[in-house]
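Notes follow once the structure below has been shown.
Per-chain numbering from 1; labels A, B, C and D assigned in written order.
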Amino acid sequence: MRSFEVKNRTSVDEIKSLRLITALKTPYLPDGRFDLEAYDALMHMQVLSGAEGVIVGGTTGEGQLMSWDEHIMLIGHTVNCFGGLIKVIGNTGSNSTREAIHATEQGFAVGMHAALHINPYYGKTSMEGMVAHFEAVLPMGPTIIYNVPSRTGQDIPPPVIHTVMQSANMAGVKECVGNNRIKEYTDKGIVAWSGNDDQCHDARWGHGATGVVSVASNLVPGLMRELMFEGKNSSLNAKLMPLIEWLFHEPNPVGLNTALAQLGVVRPVFRLPYVPLPLARRVEFLNIVKELGRENFVGDKDVQVLDDDDFGLVGRY
Amino acid sequence: MRSFEVKNRTSVDEIKSLRLITALKTPYLPDGRFDLEAYDALMHMQVLSGAEGVIVGGTTGEGQLMSWDEHIMLIGHTVNCFGGLIKVIGNTGSNSTREAIHATEQGFAVGMHAALHINPYYGKTSMEGMVAHFEAVLPMGPTIIYNVPSRTGQDIPPPVIHTVMQSANMAGVKECVGNNRIKEYTDKGIVAWSGNDDQCHDARWGHGATGVVSVASNLVPGLMRELMFEGKNSSLNAKLMPLIEWLFHEPNPVGLNTALAQLGVVRPVFRLPYVPLPLARRVEFLNIVKELGRENFVGDKDVQVLDDDDFGLVGRY
Amino acid sequence: MRSFEVKNRTSVDEIKSLRLITALKTPYLPDGRFDLEAYDALMHMQVLSGAEGVIVGGTTGEGQLMSWDEHIMLIGHTVNCFGGLIKVIGNTGSNSTREAIHATEQGFAVGMHAALHINPYYGKTSMEGMVAHFEAVLPMGPTIIYNVPSRTGQDIPPPVIHTVMQSANMAGVKECVGNNRIKEYTDKGIVAWSGNDDQCHDARWGHGATGVVSVASNLVPGLMRELMFEGKNSSLNAKLMPLIEWLFHEPNPVGLNTALAQLGVVRPVFRLPYVPLPLARRVEFLNIVKELGRENFVGDKDVQVLDDDDFGLVGRY
Amino acid sequence: MRSFEVKNRTSVDEIKSLRLITALKTPYLPDGRFDLEAYDALMHMQVLSGAEGVIVGGTTGEGQLMSWDEHIMLIGHTVNCFGGLIKVIGNTGSNSTREAIHATEQGFAVGMHAALHINPYYGKTSMEGMVAHFEAVLPMGPTIIYNVPSRTGQDIPPPVIHTVMQSANMAGVKECVGNNRIKEYTDKGIVAWSGNDDQCHDARWGHGATGVVSVASNLVPGLMRELMFEGKNSSLNAKLMPLIEWLFHEPNPVGLNTALAQLGVVRPVFRLPYVPLPLARRVEFLNIVKELGRENFVGDKDVQVLDDDDFGLVGRY
């Protein structure tokens, strides 16, 4: 079910060269549906600040809380409105091969430039099964494989990557295991992105990584751009560390969601099972913003500490 | 859940002025999934022949046999690849208000230029219910309402149209009841399209219709363009009549599906409950093509009579 | 995907003998989800009053407003709680053959005793297509075919019924075209139920119908039982006529929904596109109840006239 | 959306007392749909061998590869056919709170006796989020919480369990972290089941566990029954160990699926991303069967070594 229209063709090389990819936050209306106006605003911020790609519906964007039709719709929307300005990478991965096939086919049909694929988390499988899973979707278009054992419960070991690299569609690996693993890949000419904001500076400048798939760039895209483009900069990297540490006290995107709400760029609406960071952390965020400079963060409202009552949590949507 | 990006804004006036809108056929692969390559080819034929709009997933395009995610995906695909060349009208109507709301929201989010809405067929409702149904979706964007009592079991009477015309998003009516009804509307300044190929010439040139939503233009888009743009032409209209009669011996799109397969522009694959026309009719089609001239039909292969065995019928897909 | 467990086997003869089948109303919570407590209460009323079967999710039960998972869940619930007391007939028909196949397979898997199938409404097809549609689902279990051209836009002509009667699973026809058609079937030994409350007495006692699939029996199950079981009774039939006429002033189930809410047995919640009958009709209903006797109606609260404000209409659910 | 019919009420105490619960395999037809005949046969084997409960659509049963409508249908089917003989526990957990709510509501509506719930795997969340997730579903009926950090990437720590134990619906914990954790719970009166076949004997007889949720009991239900009911039996436990080790060389259910196919009780059909164990392991299985005795395994055909070609792998279904 492939289309070969110009708008449906992206070269793998274009994907391989991206240095700053933002794992974009998905904002919500009070009833839990997507807040497309806020989403579009976030997209403009990314484009203006120099991000070159976005992951739509990643774990940061809470793809795991979307129905597939919502997810594909959001990819299609992003392609249509912003696809000429930025690369749109749809997280059409799944632990179900059927779902990954279906979503990836649809994602490419609506014009996404690349797919992000995960190994079968939770259900898990054998190495042979993992390879079969990836091979079922690789023929469909440019692909990034995402390795994050702390979420999936299972490492994608290098031999699996080496096997799937035989596909011309393989762009590279978003790797969270660490910079030694990244070096192992880049030494062999395999493109790798760091999936960890705290390691991405060293990954980029010391271990051969092409760039980062970043959470922090939702907040400070300009600084993350600088970090990935302007050469080694340990001082900037150090300056960012308190923000990055703050972001990951709880599993992502708990911190990010809280931060964006306090910056006034998204409504303070959470889809369960995510809930805001506690008050003490919310207060800390103000200091972090002050230290780094409000002007480096997205949005133009004063950052504020939200009350518990300001947040809406939705379970049915 | 609205987006106000440029790509998500279409003026109602742009929709009101369309003269030739094709209710596009959806072609299938042997396993029943969409054949996007064939679909793209059909789209190019429409664009090149001068159609100004397409209905995606209308009754002709078998929207009733699609899952909503397929349907929205196809709208998104069409917008992305062809939205700069032609207006994309998504048939996001349903007899379930919930489904119409959900699909219309999604259709506009992926960039469709207008929605086609139907009154609640089969389930039916009161006039008050019909108005409430349309009012639930009208705020979302430019809208055409489709009246086809022979399918829905229930006429949309003029008072309902007059009520919903109060919405600035109402572009007009695709009317199948006949040319007197069309005149009743156009006399009052309400835009109307004929939904009947056999009446559209008179509708356009004698009853004030803006144009046609056509089935025949899948086959002879150039001639239908001429019929709608080049002034009264009873001779061309008469010349088209045998084709149009042939097309509607059985409920549409049975004839259209058969014809396109025999022209070699789509695979001979039917999603049930549609089955090909019987052999005798398939033979007749060759004469019709000969009479009108093969060059006026889409595709460039020789038209052929397919055998029963050439067709694939799929029930699970 | 068949199960041959005892609980998944119903003989066609058991279905053929049912005289009173109620097309059951589906009641809702204020947010539009099913109100299972009210549903269970309605089911008990049917069982106690002598109904022998229920249609779950028919047009009366607003199957057209359900997602398939809701629909199958409701069938499964009904089978589990009441399947030993009454025959559960799931309306797993659709105008999409794929959906009819999927739903019917699932309906029988959760234990429904028979399927109700409709010809492809709205989309329509040729006679050959109609037969192919029914033949795709007939092997799955006992089946009633439902003919209601005023909803579907297309009659199921007797030759189609004769063709599909070759399946051992065909129980018979729910026929709304009229009593002459019913006689045509019953004369040939084909089981038929009247689908029209106003004609069912004559159908049963004068035209060979086995019984009725009734809307009115939601309200007065005991009287409908009497009408179908106790022999010709023109006086009872005449007595029921004002209620039946009142019920069908607007397309069913608009009247039924209004009546049950005023009887206090369901919440006054409507899923769009259904809206309550206007006030004048709501007042009339009180007189009808008074004439027939409150004790003949379901529920034990005083019947009341509800205000416009008492009703909730839900479009998203 | 609760039903309070007798068939929809199960006491938490009934769940708390179950000693042998089988995490049932879901067998497939060659096209990937459920093989209900094989499923029913497996269910009978469980009932006859003395299992007291089954998990439907657990990770073993590949709930992660089901659509929710398939999953709920399978629960409804199991309840209807076997619910009087064995407790049916539906794995209606999800990492999406919305999906967990929806599925659990539906599962109880079709009569499941208890729900199995997992913490949000892959997406993960904070402890507060985890509690909110469980509290969203606990009011619906008897509940077992499942802790398996090797799959979810995140431990459910005892304080979370203590918090949710305040719900009267909490039956207990299926715990895979180990027997010390189990003892920590059982010392405080919290019911726990071992989720590890290799530890369940000691858990049951030495650490206060009520019983086991077993994978091995798909194969040797009688022996697992003996292990859980007949008192401490280190010799039987040791005898079972080679089978259990063999089963878990690869992530479950890879081994189980292979074993059941070779025993001839299910078709050799795998839904991807699961693939059969390699030939060497398949040969080993014969020796294991021989050692333990074919008569202790389910089915009555000779166990055989299947060829690679005997297996079907399905990605679209």
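Please note the rule applied: a contact is a pair of C-beta atoms (placed from the backbone, for glycine too) under 8 Å apart; a residue touches a chain by one contact, two chains touch by 3 or more.
Given the structure is predicted, the values throughout are model-derived calculations rather than measurements.
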Labels of chains that are neighbours to chain B and to chain C: none
Chain pair equivalent in interface to A-B, over half of contacts matched, among B-C, C-D or A-D: C-D
Interchain centroid distance [CA atoms averaged], chain A/chain C, Å: 50
Separation of chain C from chain D, taking each centre as the mean of its C-alpha atoms, in whole Å: 39
Whole-Å gap between the CA centroids of chain A and chain D: 33
Touching two or more other chains - residues of chain A: 316
Topology of the chain contact graph, where touching chains are joined (line, ring, star, complete, other): ring
Contact footprint of chain C on chain D as seen in their complex: 1-8, 29, 33-37, 39-40, 68-70, 72-74, 76-77, 79-81, 83, 106, 109-111
Contact footprint of chain C on chain B as seen in their complex: 32, 59, 62, 64-65, 95-98, 101-102, 120-126, 128-130, 132-133, 136, 149-154, 250-251, 254, 271-275, 277-278, 313, 315-317
